[in-house]
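Here's the structure, in structure tokens; my notes come after.
For reference, chains read A, B, C, D, E, F, G, H, I and J in written order, and residue numbers begin at 1 within each chain.
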């Protein structure tokens, strides 16, 4: 099943540069794993914000939550999840 | 998989009484079928409005859409769907 | 360039059944053309509503508007468009 | 009487790991008590967020508030409460 | 149990004057009955709008819904209901 | 003149326990004074939140503001005020 | 006591021109009366909309509602009312 | 002085094709006049909607309102107006 | 030209009392200057909040911004500005 | 392609004056570069707020994001981006 996942990251402005860099690198690494595993099907940046929109695939909402919660940035992000149904044009 | 489905019905005020009655009866009949099939797990009225909140079970969003769209009131309602993940307290 | 396009259709409830059927068929035909042309890259139904979310590709916002406005349902729909930037995970 | 209770937890990002762990454990313990007492009838995670939706049973709003306020996370959460009426399909 | 009930009435502008008068009178009559029965504890007009705010008393949300739905204006109104808990200042 | 006053308290999570206790006690004391003076006519807790709804009586908005601003929690709260007009059912 | 009153007029688009003219004239006449009586202290147009913002003076919310409801456009408008307190700069 | 003007047109769906064409032509004619007069400095379509965003120049809000109200579509549109101040980068 | 300016002040709760007093005094002094210069035409407190609504007069949005930005509380406030057009009742 | 970019800056109130000055200067320098490169086509201040509205030109959303993210204030701002299509009046 696919989901539209819109993620907004809100890192506290006082986060020190090294911690920022460490988090960014860990996030990118975990993101690549989820992308290679096919959990993140497609992902785009929302221009002008530290936000992204993505199509995620997971067995159900429980598996989807586990995937999103595995992101190192999870304590600093908020994800809005829309379940997606097959559209007749793709059926 | 379970979903929280919040439905608001907005029947045009000029709908004649017989059509209103016919729709209400057809809606109740289809609702009972979905309840007996286990698609509607629980359902409540939101007091003061022609609205309800329910826990629905369906294989995925496609099956859920088919179930909601099978309601005779579908052209007059709007459903907000929240996918639900297992909570550790119930795992 | 890709865009996230979220479309909500709001056909007046008093629309007669034949007109509804004619519109739905014309909409499906035009949708297939846009899909085959690669303008609609992916499209999903939002469960419980006469709404969809899609990834559209177009040269720019002017070409995107022309594509959306070519839908027979255009007078009855509202599209929210989010421009999408390449995400580092896909770069 | 039943209530739909939607809880969003907003723990300050600077909370230290041990305090986070202590709070999570205390929260889980109190949650189990409320679940066993029948106050929390059903509970789900909202995927992608530190949030949950639940069906709670309490004599009235005063008893419900006491139950929610007994959660160790209470200073860090916000609950939106919808009173639920019996739906004819369940009457 | 008490509830804060905020009601907004949205009578279609094309409603003819006699129907308007008939509805207003029936609404006032039913309102007086609910007031005398103690269901409507207090009620105020929201200035500048066809809206009111009231404190209603009912055994539970089911009884409250029955009371609101008994208003002749029910098809034309929308009620927002907030359940009320005892405040320590009044305990 | 009466007002519907909805107050949401947002004490910073890092407030130390003794300061929290001191504020809560001072707030309760001032609340009792306003209640005895007839300024707070009725007051309820909004379940699940550090919030309340109340009916306040004051000569005008200036006197009402003075009463609300006299609360020790004033720097940490936000009040939404709705002026109330007499409803024909109570006239 | 003074109030900030923001009025948005939503005349049904199908209203015939003569009825539109009659309403506009009656509205202007009643507006002048309220202005001369000192009920409307100041009034401005919100550019680009059939809307206005005004400072109204009335004994209380009940008198204010009577004044707004006396406008011939009352069935077609929505007023948002903010009670105003004396500011120290004007005290 | 310049203003950001965002206009959303909401023509009733039942408007007949000839009336639609007549309005569109009159709107385009008046738009060209305002553009040539320098009142509309720049204008863009919001993709996917019958909406536009524009930079308008007018002596003040009164002149701006007169210009917007001179559009044949005025009864069917809603304009949101943001006054614009000189930015240091352009000073 | 006149503007409706609604200002909400959000001083960080941890601001020490002497700094609070200094800011309040400086704000009052600057407010009196703007009032005497005719920039602030009228001003009211919004009851229950550290907020005010005012009618400001300025040559244009640039001059208005300079006036608001000259307030000592400017780093802690947010102003919503509505440009005002002459209403026929005052023309 | 052009974009409407609305930027709101939210610098933490506790930022020290020298850091504030350094950021403001760096921001102005980068702004001038983007203006001279034709990326920022026009820009205005939103009166009363640390916010601006601008017309930006970029090849696509990816280039636009790179330009906005190059602003020294990027960690403290939020940009809302609307893609702009050619309007027939300018075609």
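Here are a few things to note about the model shown:
FYI, a residue touches a chain if its C-beta (ideal position, glycine included) is under 8 Å from a C-beta of that chain, and two chains touch if they have at least 3 such contacts.
If you're wondering where the values come from, they're calculated on a predicted model, not measured in any experiment.
In terms of the stated touch criterion, the partners common to chain C and chain G are H, listed by label.
Counted as hops between touching chains, the shortest connection from chain B to chain F is 2. Just one of I-J, C-J or E-G has an interface built like that of H-I, with over half of its contact pairs in common by residue number: C-J. Centroid distances from chain B, each centroid being the mean of CA atoms, peak for I. Ranking I-J and H-J by contacting C-beta pairs places H-J first. Each chain gets a centre from the mean of its Cα atoms; the one farthest from the centre of chain H is D.
Annotation: 41 Å between the Cα-based centres of chain F and chain J. The geometric centre of chain A is 24 Å away from that of chain C, both derived from CA atoms. In this assembly, the C-alpha centroid of chain A lies 30 Å from the C-alpha centroid of chain B.
The residues of chain B that reach two or more other chains are 3, 45-47, 61-62, 64-65, 81, 83-86, listed in rising order. Under the touch rule stated earlier, the contacting chain pairs are A-B, A-C, A-D, A-J, B-C, B-D, B-E, C-H, C-J, D-E, D-F, E-F, E-G, F-G, F-I, G-H, G-I, H-I, H-J, I-J. By the touch rule above, chain G contacts chain I in their complex via residues 2, 4, 28, 31-32, 35, 40, 42-47, 52-55, 82-90. On chain H, the positions that touch chain G within their shared complex are 3, 5, 7, 12, 61-62, 64-65, 68-69, 75-76, 78-81. Within the complex, the chain H residues that touch chain C are 11, 13-14, 45-49.
Contact residues on chain G toward chain F in their complex (touch as defined above): 1, 3, 60-62, 64-65, 81, 83-86.
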